[in-house]
Each structure stands twice: as C-alpha cells, then as structure tokens.
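Listed next: structures, encoded as structure tokens.
The two complexes that follow have subunit A in common; it is paired with subunit B in the first and with subunit C in the second.
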Partner chain A sequence: MAQRTSTHSRATQKRHRSIWINLLTAVLAIVWILPIVWIVLTSFRAEGGAFVQYFVPKSYTFQNYVTLFNNPDFPFLQWFLNTLMVSAVTCVISTLIIIAMAYSLSRLRFKFRGPFLKIALVLNMFPGFMSMIAIYYILKAMNLTQSLVALILVYSSGAALGFYIAKGFFDTIPMALDESAMIDGATKFQIFTKITLPLSKPIVVYTALMAFMAPWMDFIFAKIILGDAIHKYTTAIGLYSMMTKTTQNSLFMTFTAGCVVIAIPITILFIFMQRYYVEGITSGAVKG
Partner chain B sequence: MVQIDLEHIYKEYPKSDHYAVMDFDLHIQDKEFIVFVGPSGCGKSTTLRMIAGLEDISKGDLKINGEVVNDLPSKDRDIAMVFQSYALYPHISVYENMAFGLRLRKYSKADIDARVKEAAEILGLTEFLERRPADLSGGQRQRVALGRAIVRDAPIFLMDEPLSNLDAKLRVSMRAEIAKLHQRLNTTTIYVTHDQTEAMTMADRVVVMSVGKIQQVGTPAEIYDHPKNQFVASFIGSPSMNFFNVTYEDGRIHNEKGLNLQVPEGRAKVLENNGYNGKQIVFGIRPEDIHTENSFLQSWPDQVVNAKVVVSELLGATSQLYAQMGDEEFVATVDARDFHNPGEEVAMGFDINKAHFFDVDTTEAI
Partner chain C sequence: MMTKFWKKSSAKKSVIPKPISFGELFKKGDSLTKLQYFVMGSNNIAKKQVPKGLFFLGVEILFFYWLVSNGIHAIAMLKTLGTKSQGWKYDKTLGIQIQQAGDNSMLLLLFGIAALLAIVLFIYVYWTNFKSNRKLYTLAKEGHKIPSTMQDIRSLFDEKFHITLMAIPIVGVLAFTVLPLLYMISIAFTSYDHNHLPPKNLFHWVGFTNFGSVINGDISSTFFPVLTWTIVWAVVATATTFFGGILLALLLNAKPLRGKKFWRIIFMITMAVPQFVSLLLMANLFNDSGPINALLLNLGWIKTAIPFLTNGMLAKLTIIVVNMWIGIPVTMLVATGIIQNLPQDQIEAATIDGANTFQIFRKITFPQIVFVMAPALIQQFIGNINNFNVIYLLTGGYPSNSTFYSAGETDLLVTWLYKLTVDSADYNLASVIGILIFILSAVFSLFAYKKTNSYQNGGMA
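For the complex of A and B:
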C-alpha cells in the first residue's frame, strides 16, 4: 500500500514537472513568434501609419506588396536580386573555402598547424567590422567601392576563419576510415570526395546555409561599401533606407512587407536543407 | 609469390627521445602466417603500420619482392588490411564497402560483382550485402572487414588486432575462421595481437616483441619450448612460467626458501661449461611441469619440494594451485583429481628436464 502511494506521488510529481516545462516552452514560443506574427500582420495592414495602438489590423490589403515592387525610388526587386546574387556566389565560395580549410586542418599534419589554429582562434574573437575602415580604403584603392563584387569579396574572405565548427566535425570522423580508404587505393582527393564529404553532409549544409544567410543579414559592410549607389543596395540597407523621416510613416507597411519577402528564400532553403541534418551518420563505422 | 623483408627498421616519433621500434629485422616468406605478439606499447602495431605505409619509416629498408618501398604510398603497395576498429564506410552498403577498393582500381562491373559475391559466400555475408554497417552485429562487421580485404586478392594481408573488439566466444570462432581463410587463400599474412593464444594457434612463425625490439622469432613450438629469454618465457604460456632465483652448485640448484633440486647431467654440463658453477641463475619452470601425482613423486624423489597451497582453482579438467614455498609464490597446473584445498601442505615434483635456466643479468636463456 505504502509502495503504491509512493509510486502514485512520484507520478503526480512527474506530471507537475512536465506541466511546468510545457508552460515555459509555450511562453518562450510566444515571445519568439510574436514579432514575426506582428510583422506579417502589419505587412497586410490597410490603414496607414507607423505607430498604431493595436496589434491586429482593422482591415487587410495586398497593396503594400504591390507598392514594394513598384516604387521607382526604392527598387526593391533590384535589391532582392542583388542580395540573392551576392548570397549565392558567397555561399559557393565560402563553403568551398571553409570546407577545404577545415579538412586540411583536421587531416593533414604540417608545420605551424598548431600555432595557426591558435592564431585563428584569437582572430576569431575580434568582430569583423573592426576592420571596416581598413577594408573600405583597400577597396577604394582598388576602385571596388560601390560594387557587388566588393561585397562578395568581403563576405567570402571573412569565411576562411569560420572553419572551426566544420573542423570539429571532421575530427569526429575516425582516421581509420581514411587509412582504410588509402589502403583500398584512394588518393587524398578521393578520400575527401567519396568518404569524408558524404559523411559530412550535415556540416556542409550548415556551412552553406550560414554563408548564404550572411549577406541577407549584414548591414554594416554593405552600408559602407555601397554608399549611396541605390541600385546596388542589398535588401538590408535598402529596406532601412525606406525609413527616412519623410517616408517612415507612409512606407512603414511596405517596409514590413519587404521584411516578410526577404525571409522567404531563407525559410525555403532551411526547409529544403533540413533533411540533411541527420544524426548518427558515422555510427557503425568503427567498433560495435 | 611475395617476399617481405624488413631490414633493420627503426621508428622514431617526433618529440620522442626513444625509438618506438628498434632494429626490426625480419624476412617473411611467401604464404607465411606471421604473428606479431607482445604487450601493448611494444611497437607491433607501429611495425604493421609501417609495412602498410601508414607510418613513415625512420631508418632501415622495407622491401617487398626485393624492391625498397619505404616511400611508396599505401595505395601502391598492393596490400589489404583489416583494422582493429573495422573501419567500415558507414554511408554505403556492405556490398559497396567490399566493392570500394575494386572500383577505385577500375575493375569491370561483372568482375566486381563476382568477387564480392564470392567473398560474401566464403564469409557467410550473402544475405547482408544490402545492409549498412550500422545494421550489423560486431561479428558480422568483422567479417565485412575481412571481406573487404579478400576481394582485392592482394598478395599481402595485414591484420591489426582484428578480434580484440569481439566477445570471447566469437573471438574463438573468428580465430578458426581466419585460420581456415588462410589455408584456403594462402595469402601471406601478418597478424598483430596481444593475445598469446591467437599467436600460438594461428601462426606459422611468431614474432615476440617488447619495448620496440624483437625478442624472439620462431614457430609456436620453438617459442614455447625454447624461449630465448626470460621475457619470452614469461609472456608466452598461461599461466605464465614460474621463476626462482637460485644458486647452481655441483649439479644441484638451491635457494634459501627450501628449493633444492638435482639438475640432470646434460643440463648441468651446459651450466658448468658456461661458467655458472657457484653462481646465481634464474630457474624457470612452467606450471604444467610441476606435478603432484604420486607416480611422479615416487619416481623422482630428488626433485620434490614441499609447498603450501594458498589458492586453488578448479578449471574442470585441470586445477591450478597457487602455492608458496617460503615467501616465494608459484603456480602449478595439475590434474583435477589432484585438487588440494588452500592451506594444505603438498609435496610437489618439479620436472627438471623441462626446466629453463636464465642468466640473472642478461635474462638470456642459458
């Protein structure tokens, strides 16, 4: 009897705990999702004005999206395509650089490998925009300011230091697999393409996603490099340029519509790439 | 036909002040099954990896068929290797795992298929060909690793402790399987293990290693019956050989713990000719050469000592008596019928014809 009571109370305790945990996650979920819901709702709001006292719009319209793509002063479509282009190219270049860096630092042994890893770690601790003035002058000297090529250069060259996560992943792939492939007759490149890469899909996908997202998010570099070349703008600075004193009230809903539109490619990419985030792909390689 | 010559090979790791492998000199004949055995850290795996081309050779020459291959990459050495950790490719099926090396070497599709299926047949893997390594048991994975090595038909097999991850029962059956495989394929094999039973049961020749050096090379019987030094004598055999520090004097060995035995004439002559009369030597005797049965005690009354049994283990057919003579402990493996309880004083006969004598300083056999 006593035993039954104790199991009973333990079950109640367990239920209580799970209620609290669920409650907490629910609150967190609301806190996270609320701004997004607000942006989406506002982008469909028919009545104007940046500052209104209510959350749910009184009436809805699609006009904000139409204005977004048809305003000659703020060529959003152009910005969107600019960003997409910069992102796609950066994504490819950065991913190649990062994966190559990570693989060689994980698998090859050479002089100064140790010191290099340490230096890279320290360099990683400085925020990238610390170098913006220097970068601006370098680009200016090369006559590259106000160009998208400069953006691609800046984003991709910053990538080389981002190899740590991918290296950590490669380190978990047993060396015995490389050795085994070597004895099977594979060259270093074949080991990389036929063994390491297929086993590293999650990290390659992660690296690519991060590299793709950087240009969508970056404001500082785009702002200083592109200056006032409105037609070269990326979405981040383009959208911000809508928020001037004179336009911020009239274009507010269009601005939020822009925010929703730029989230779309990233969301689609995430959904599409998500299935590669599979765990435990190396299980069964070594030992039991 | 393949011949492997390891000529005075040394291995030194960077930032280490001593050699991991020293003066390794061995000539391996075609179709031989060679086992490197020794305690962990003795350099046996390092030597194997140098043969495989996975480690650089610091000094000395490695020759395959008379040609120095020190700087030849693994893939061009035409060897197959089974790793301790299996090292199967987890993202492809068993079939593809076995076919991997063949595809890289551009074998035809039909040839690959035939080879993989034949190997699978030999190893009983036919029904698992489409599975991934993660879906197999330890024993099956081990067989895939073997399969991957045999499809290549490479003239040299290297095996790096292939059975050490398996449970005891599976290990015994895989041991027999590997031995069978060698009889069938007749491939020159170098097998690394720390398990002396594997070494004794599988090898044509055993290479006993310790601290980077070869201690002895020989057939299992030679190694067991005529160990070259105290290390080999103690490493091979289970339970290991008993050693006593004794003084040899005029045909007898004795110590202050109560040991006093007559040495047979032939052995005594050898000891005397080598100038050991009146000197300290190490006397070694295997547990199974110590007897408690009456017939022995009566026939050799001169070779009997009295000892106290401390622990006794009944193993079915035999029993092991851990005994004490003075404060010196030793083990005797006797017939199960001669079981004695702990605490009993027992007369034990030492079969001195089977005794081993070692120099105290050099630990070499006399």
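For the complex of A and C:
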C-alpha cells in the first residue's frame, strides 16, 4: 500500500506529520508548564491579593522573598530546616529498613516469609488515615507529640511495609550469584554487602529519593502530630497554614515564593535522579 | 528456581527426626531442662549461654512485673471499657461534692489492646525459650558441642541473617501499624461517636450496629453516593493518566520530534513540584474569581464565572482534569523508559511486513507496556481509592450537599473518613468506613493480582 504512493506526496505527508507532532508537543508542554510559570511569576508580583484578573504581573519585586524569610509568625527558614532534618534522617532510616526488608523477603528463605508477605499485603490495604488517630495517642503516651522525632518515627516505621518495589528489583538478580558465593564460603551478610548491594544502586537511589521527598509532600500526618507547634512545622503544613481564610489574601505571594523555594531543590534532585526512578518502577515487573 | 543450597538444607532437615513436643521434652528432660519451663533461660545460663539466658530471664521478670502492676487490670477493663463516668460525687468526709475523674474508655481500649499484643509477644519469646531449651537437649543427646555466644552472634549474620535485618522494622510495624489498626478496627464495634466522647463520657461495645447504620441505616444515604463516586473516580483517574501517559510518551518518542530531552524535562518539572503546591495552586487558578475565569470573562467568551469547583458535577470533572495534569507525566516517564528499551528488531520486522504505526503500537508496544506496568497500575488504582490529597487540597470535599452526613459532593470515602474523625468526631463510623475501604481494595487487588502473573512468580511463594 505504502509503495504505491508517489515519493513526492510521501515526503509532503511526512513533513506535515512532523509539523503536527512538533506543534502538538509544544501546545501540550505549554498547558503543563503554564501553571508553574504562573506560580513563579506570582512569587515576584508586586501588587497584592490572592485573586487577580490577569496572569502576568503588572510590576515585579523581590519583597515576597524577603517577607518569606523575615516573618516571625511564619518562620519559613525554621520550617525549611525542620523538613530538611526530618527528611535527611527519614531518608537514611527508611532506606535501611526498606532495603533490609526487601532483601530478606526476596533472597532469604525462612519459615515466616510466605505468611509475612501475605500479612504485609493485607496491612497495606487499610487506609493510612484510619490509624492516624490511634497513632496520635500512642505518640502521646510516649510523650512525643509535637516533636520532629515523632514525625521521623512515623515516616520510618511506615517504610517497613513499602518494600514491594525494592523486592521486585532484588528478585531480578540471578540467584546463581548467591549460590556460587555460598559455595566459596561467603556468609549471608557478606553476600548482601559484597554482591547484592553493589548491584542494586538504582533501587537504593530510588528508595532513598522517595524517602527523602516524602516529608516535603506529606502534610496530613504532620499536621495531626504537630498540632499548633508552629516552630516545629514542616514546610508543607507551614505553607498550608498561610492559606487560611484570614491570611490567604495578604500572604498569597509569600506563599508562592515559599513554593518556589522548596520546589527548586526537589525539581533539580528529581531531574538528576529520574533515570533511577524509571529503573526502580520498571525493574519490579521484569522477571528474569 | 530451587537453589542447590536450599535443597541441601532441606535434605539435612529430613535426616533429623521430628523434634520432640512441648510435653515430651518436659517428661524426658533433666531437672535443668524442666527448670527452664518455669525460670526462662536458666538452662541457657547453666550451659554457658549467659547473655541469651539473661535475656529470656529478663523478659520473664519484666513481663510478670508488668502483668501484676498493669497488665491484668488493662485486660480486665477491655470487657466493659470502663464503668465510672466522669461527674460530681458527694464526699462524706469533706461534706461537699467533688469531681470524680472517671474512666477513659478510649485509653482503656488502647491499653487493653496493647496488653493483648504484649502477651502475644511474650508467648513468642516463651516459645523461642522452649526451642532453645529443646536444642540444648538434642545437642547434648547427640553429643554435639553447645554453640558459644560468639557462634550465636555469628549465625545472626549468616543463616539467621533475616532476623537481624527484620527485627527492628517489625517492631516499628507492630507499634505504628498493627496496634493502631487493631485499635481502630475495635472502635468500629463501639459507640465512640460525638455523643460518647471520652474522657467526659464512656463508650461501650455495640457489635455490628455501626455497620448496620452505614449499609442499611441512616448513614447509607451518604455512604452509597460517596462509594459510587469513589469507584468512578478511581477507575477514571487511573485510566486517564495511564492512557494519557502512554500517548504522551509515544508523542515524545516520535521520530520527527525535535529536542526530545527538552520536552521531557518540561513535563518532568510538573512531576517534581510537590503535590500540595500544585494542588493549592490549581485550586486558586480554578477559583470562581481566579485567573482562568477572569481571562474567559475578559475575552468575552463567558458571561458569568464558570463554577469549576463549586458545582458538584463540574467540580468532579475539574478534579479529574487536574489529576491528569499531575498523573500523566508520571506514566509518561515510566512508559518512555519501557518504549526506549523495546526490542527494535521486532518493530523493524513488523515494519518490513507492512504494519503501520498503529498496528505496531497495538500489537507490540502496548502489550509490553501493560505487562511491565501492571503491578504499578494496580497500586495506582488502590492509591486513587485512597487519594486524599487531590480532593482535600483541591475542593476539600465541597460543594456541600445537604442530604449527606458530614460529607460534600466530591468527598471520597477516605476524605469522608477524615471528616468523620476530625470534624464530627464520629470515630466509630470512620472506622467502619475504613474497614469498608479495606474490603474494597482487598477484593479488587485479589482479583487483579490473580490476573497478572508477576506477583505469582516468586511473590507469594
């Protein structure tokens, strides 16, 4: 069929197709990037108010960023450091936990392995919010509410059941490697540290990245645990607290400035790590 | 794939005769073995496994101390969840009314469940204690040397490595997942609602009453519409982001497209922006007096503002569109990874055979993407059933609906659950909803996992 069309019209057809594809991509890209451009523009907007009738600001200023870092009622810098601290610690603990769980359940054989996998699947199906209130009282009994330690505890212990993707990755590493090492007299610990871990860089990076980003995104657990302790807030609840009905109008531009400040590092991190992200998600399904 | 090692070890196991039972060991063992049944770890200490023995002994002492001082009371209170209500009571010696603290049903329930968990844990340690005792017995009988503490520690990094790796995470899961879950499931069977709030009031066990009122009673007129919307939302949200993402990936990988990397980064930026930022932003953009409405009004395309988020039907549509904006790049990124790794020879062969782009997509590319992404897709669906952020930050469940109990038009089951706890303090109803969400997810995943084989191979062995 294709051979019958003349070379001339085929070339035109091809050019048309090329134009359409490039055009469509550009239009879609604009749709996707416009809200983000808008938030960046708004963060430099000089005129006040949450709702304005236009996209592009009439005049520009740095004042919003200055206010952001100098508002005693909304200590953004403190929030930023809190979140950084929580996510750094959570990142380390969660990664250790997830890799340990995933490795055990993928490579080691023990009596409770099968039942445990089933129990974990069941536990994962309960909505996290359901236990929120109980967690709050358990933390209160431990005298830990309104503290960042509590946040770290909750985020890290939640990680133990999020091992599925990492387990899928470990499943793809050929067992023959472990076997030959075992014949050479290596212990399980040596196999784990010397063979499996060096082969698992993508999944370790993926896990760490996800764990690091969680405290920046989570907001409802943090809100319940931290209550009204403004100086303990993470950026997510802090910024959200700027958007109450009374403060929304006056603080909207400061809010957008805050959003830009936290979005920049995460975006850079993400673009840098996206290769691992894709490998992490897809590796779980490809079985060797 | 069965490895040589496991075959070896299972072969070894079959040589050993069946381990002797709990009662049998007590009959056959010497006095030290018998003593271990009552004084945990004593036999270990006598056989020079001092740290191990001390651990067992310590656990036993702590457990019984706790049982006498707190445990028995905590478990006994589980039955009634407290009988003394808070109030004023006449004190004869003082001759005045004094305030009586009363029982706090909520804490009694929580501590009661924690006590039950503690007993289960103790039984586990006791069982380990018994197994250790049995091992000492068999080793002595067969004339083997008893392993030293050093050897025991070494085994924790070899054949018992899983214990080392999993012990701490499992404690975390018990404290912050299992205990809260058991607690909340129990709440579903109590009268813990806005009329029975501790510490002021007591609440009691009520059996399946709450389930009855949600499924067949006065709450059902809220439950079923919310459930329907939850399912519609989960299906549509998952499907739109999945197909949208694949189409976008195909577009971004089309040969004539220039600057592929640049375009991909543009879409990835939207993915990297924290969700609460983009959602709050969208809520502002789509507001009745937000920039989109203002633009359309200024252009003269509309006469009055479009109620993107304030009209029930339109709000649902807006939520789905916004979710596409958030979710499509995610699928795109993953699908791109798959498309770029597709075996090119297959596609070339198909092209030579005269297949067009669409046929190649339908017969080669798409099945491959579905195969790789199936587990992620199932998780996405469950995630969408529980998608709190999109609803809460975008509409907050509004617009309100006067026929609903404590829920708005766009509330999903999970945001309704949140409102039931935080706004109206009907903890028992919230727990019932939580259990029903669990059943919904469980039924769906069982069905889906059965269909995809990737979890059957090596998953649930």
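By definition in this document, the second predicted complex is superposed on the first by the 237 of 288 C-alpha atoms of A that agree within 3 Å, B and C clash if a C-alpha of one lies under 4 Å from a C-alpha of the other, contacts with A are read in each partner's own complex, and residues count from 1 in each chain.
The criterion applied here is as follows: a contact is a pair of C-beta atoms (placed from the backbone, for glycine too) under 8 Å apart; a residue touches a chain by one contact, two chains touch by 3 or more.
Small disclaimer: the values here were computed from a predicted structure and weren't measured.
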Partner touching more residues of subunit A, whether subunit B or subunit C: C
Contacts of A:Asp171 with subunit B and subunit C, given as first, second, both or neither: second
Partner chain in contact with A:Met182 - subunit B first, subunit C second, else both or neither: both
First (subunit B), second (subunit C), both or neither touched by A:Pro198: first
Contact residues of subunit A, present in both the subunit B and the subunit C interface: 179, 182, 187, 281-282, 284-287
Subunit C-facing residues of subunit A, complex: 1-2, 14, 17-18, 21-22, 24-25, 28-29, 31-33, 35-36, 38-39, 50-55, 97, 100-101, 103-104, 106, 108-110, 113-114, 117-118, 121-123, 125-135, 137-138, 141, 153-154, 156-161, 164, 168, 171, 175, 178-179, 182, 187-189, 192, 213, 216-217, 219-220, 236, 239-240, 243, 252, 255-256, 259, 262-263, 266-267, 269-271, 274, 277-279, 281-282, 284-287
Touching residues on subunit A, where the partner in the complex is subunit B: 174, 176-177, 179-187, 190, 194-195, 198-199, 280-288
Interface residues, subunit B side, partner subunit A - complex: 52-54, 73-75, 79-81, 83, 85-92, 100-101, 104-105, 132-138, 141, 148, 152, 165
Subunit A contact footprint on subunit C (complex, rising order): 1, 3-6, 106-107, 110, 154, 157-159, 161-162, 164-166, 168-170, 172-173, 175-181, 183-184, 248, 251-252, 254, 256-258, 263, 265-278, 280-282, 284-285, 287, 289-291, 294-295, 298, 325, 329, 333-334, 336-338, 354, 371-376, 379, 382, 386, 388-389, 392, 414, 417-418, 421, 427, 430-431, 434, 437-438, 441-442, 445, 454, 457-461
